[in-house]
Amino acid sequence: MLKGFSVPLTPEGKSALAALPPWHYSSDCIAIEYWADPVAIAALLPPGLAPDEQSGGRAFFWFLDWQFTASNDEITDPARYQYHEAFALVEAVFDGKPVNYCPFIFVDNDAALARGWAQGFPKKQASVYQTRSFSAPSPAAAPLAKGSRFGASVAAHGERLATARIQLEERIADPSTVFNRPTTMRRFFPQLAAGLRQKPPVDELTMSLTDNLAIVDVWAGSAELRIPEVQGEEMHRIAPVRVGRGYRLGMAYSVTDLRILRNYAV
Amino acid sequence: MLKGFSVPLTPEGKSALAALPPWHYSSDCIAIEYWADPVAIAALLPPGLAPDEQSGGRAFFWFLDWQFTASNDEITDPARYQYHEAFALVEAVFDGKPVNYCPFIFVDNDAALARGWAQGFPKKQASVYQTRSFSAPSPAAAPLAKGSRFGASVAAHGERLATARIQLEERIADPSTVFNRPTTMRRFFPQLAAGLRQKPPVDELTMSLTDNLAIVDVWAGSAELRIPEVQGEEMHRIAPVRVGRGYRLGMAYSVTDLRILRNYAV
Amino acid sequence: MLKGFSVPLTPEGKSALAALPPWHYSSDCIAIEYWADPVAIAALLPPGLAPDEQSGGRAFFWFLDWQFTASNDEITDPARYQYHEAFALVEAVFDGKPVNYCPFIFVDNDAALARGWAQGFPKKQASVYQTRSFSAPSPAAAPLAKGSRFGASVAAHGERLATARIQLEERIADPSTVFNRPTTMRRFFPQLAAGLRQKPPVDELTMSLTDNLAIVDVWAGSAELRIPEVQGEEMHRIAPVRVGRGYRLGMAYSVTDLRILRNYAV
Amino acid sequence: MLKGFSVPLTPEGKSALAALPPWHYSSDCIAIEYWADPVAIAALLPPGLAPDEQSGGRAFFWFLDWQFTASNDEITDPARYQYHEAFALVEAVFDGKPVNYCPFIFVDNDAALARGWAQGFPKKQASVYQTRSFSAPSPAAAPLAKGSRFGASVAAHGERLATARIQLEERIADPSTVFNRPTTMRRFFPQLAAGLRQKPPVDELTMSLTDNLAIVDVWAGSAELRIPEVQGEEMHRIAPVRVGRGYRLGMAYSVTDLRILRNYAV
């Protein structure tokens, strides 16, 4: 009997890119609130999601330094399981309720890519960086304090896909006023067999489920964000028309389940 | 209507990791014939494949420098589409016929990973290198000539997974005497939704179909191969018990289709 | 007039790998106390340094996540200036006083390599990782608390050069009891011109000078450390014979100067 | 006695980034002839080099896939010694004779960086790619033939520094009509000790010496080249005003010596 949540399947399941859930995550995050062209957002939404008329094109661009562990001591193997991520979340409506939808996401780790695909996150490989906050005082420390500045960037194949900068102004007591929508994705796996290509075996609208969500140390401030046009990418379609506030926060959660909202394949 | 063979789906289909077939490939390859423990090979085979009693544990370990193009001038964007690959092929029998099966495969490119998963290749990310043959004469040129030596290696997360060396002895006139089995894979996509995890939506035995296969400039010689035990990998299960000949060759083909031999999911 | 602390020199000095000092650094560090073969340590010391008979082969192996800034807002460009480092410090005596000497050091950033060479650190390129401590609570967070476990590793060219793990036991009130020796290096730049190769233009014993040194949040606990033999490296010469305690700390300092202890070139 | 052409020095000299010469190289190259602003070129030249009035701003931008070996079987360790390079050569005059000067150069390998600095090449780390020519026929093969197209790019820190494309038109019988100037560099090593910073210990004008130079399989055709402005780089100063022909060739040589044309440090 071969084992593994994902490929490759092996007798002990050690080679699998993704171990069995629960998957535990903790991160430092930079998130930039911005507004894109609402028509461009609408053009990216899968069936069943409608533009959020209240949002007027509101979106968030996130950068995350992640630490991951499952149940096999992954936390002490950072070369394999620590990673960086960047993604866009656009605001939409599902079944009358406000949600986020993730059209673009990038990671620098294949295990994160495999877990993400299983959820519906359309992950691609990229290099992602964000300024970190260190405890030893220095002009290089970027403490969580008024005036501190952070930069972040994502690039793939030697092309810069997004660049952000924020400057902290104030601590946010209640992050639920900012981050309160569930995230939806399109889970998709293609069909290569000729004649069946129009019938992908997996094509679903899904919702991310997070256990033990913790959002801590939230700061807000001014922000800059650029999403340039790059050959072979369409993310610039939702480039910022206007930029709002920037946030720097800690976030943790666990994943053990996935909600399937709609199955397009049947 | 959103487009793309793979995620992410977008209005123009430019962001997708994998473009629509046909996919065209040309490569330089180093392949090491070797014998592993037949019991270890049998333990990696999916249902429907039987050990090849004639093979006595025969396998090949391949290193490939690939150039890829689809129909969008990908050949002139090497930062995005050129890549390196390493994999093991073990000999087996399907329906009475000799085949190869691919239990482990590594690439350094996410587009190659996405195309591979769609075929059933259980690709993970790694760094892969092989000595190249250059035309300008030098002790550094490694020409295709008797006595030339080539090295190759694959590593992931800072751990060396396999190391090979070959020394060319003679040109092989008819490569079909060496490379003549079709390759089978297990195409698999997991289910994360709780309660459904035992029912992956995609779980098939597939066979790679190649159009316009060309194998050129085949040389054979002596070979060394090591596949050490590494934490978090099970490839050492099929480490060499005995090493045969080493080969250096060019190979090209196109992919437009996939044969599904068996569907485990129904 | 061309500008730049290091190459390349340009009209505005923006291309230079290293900007003019002061250089400001803040880091998270994992340090493993261990004992190597005293004869192997002695064989690595440059002229003017003697083995420390009191040390009995004592050494520290460090892993550092660094953030760097000079005076040009480098802190908001983490893709260019954030980096990871690993090095060995062996205990020695200079002029009757206890010092550390750095025989091996690895970074993943070319600006850090250029600054390091200017000081005398014999930096090479590698991939370096350490478990991080995140503020959002989770099994993935690795808080600074009793029982937390951290891993760290350094690898180059697909070969693992060192792997460490520590488990925190107690907070250390006074780090000066542990970290109190200045660090010495051999600053060296070679001569390629034939006939002059035995006369390198730069060959000095130097001492690192740090302004505003801060060591914070020091925890100690149990430790493991492995430094395997790898082709093309000699660091295994000082592999651990015995491993002491592991430390996790924050450290910051600035660099504006260098002390030249001895000039071998004259 | 510690050994090594470069740091780190060790008892056997195996850890040194650069082994003792001779250094043997073979490569596949793409070179783009272009013209930059002559004033910008003049502003990059070190003392002793004058603008070449005949050239009118002529320059070449090169991309090179290199294989390296010294005397320790480096050719069979491609993970450590194979690398990619990109550089600009601008035309100038030294002592009345036409030369090239190298103001900007990028590699993806630390051993190449160390050898380059010893010669005077101001190397920085980058990712460099070029379309390769494979022998197995395919739309992905890019043969050396009329109509074949090649792309090339160099990027650092997630910013694209240069992008080129060429299309082959004709074979060049005599490459000496194109590539016939020796290359000069500024060899420089900085001084960090306060008060001495204006007196770098190494500051020379040097000339690259190559033994057994071979230039083979030279094709020429049409070309495109872009060198965009990027934060933290000044290479765009010599961006193309006009682009000439593109070349694709093989080149090999050995290095055992260096000519020092002028010593600025005395």
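Some notes on this structure:
Going in written order, the chains are labelled A, B, C and D, and every chain counts its residues from 1.
Just so we're on the same page, a residue touches a chain if its C-beta (ideal position, glycine included) is under 8 Å from a C-beta of that chain, and two chains touch if they have at least 3 such contacts.
Computed from a predicted model, the values in this text were never measured in an experiment.
Copies chain B and chain C of the same chain sequence form an interface built mainly from equivalent positions, shared numbers / all numbers used being over half. Two chain pairs are in question, B-D and A-D; the one with more C-beta pairs in contact is B-D.
Centre-to-centre separation between chain B and chain D, using Cα means, comes to 34 Å.
For the pair chain A and chain D, the distance between mean C-alpha positions equals 39 Å.
For chain A, residues touching at least two other chains, in rising order: 77, 79, 127, 129, 153, 155, 157-158. Taken together, the chain A residues at the contact with chain C in this complex read 24-28, 65, 67-69, 73, 75-79, 82, 127, 129-132, 134-142, 149-153, 155, 165, 212, 214-217, 250-254. Put simply, chain C touches chain D in their complex at residues 2, 5-12, 14-15, 17-18, 20-21, 43-44, 46, 77, 79-80, 103-105, 109-110, 113, 117-119, 122-125, 156-158, 186, 188-194, 197, 201-202, 231-235, 237, 255-260. Considering their complex, residues 127, 129, 153-155, 157-160 of chain B touch chain C.
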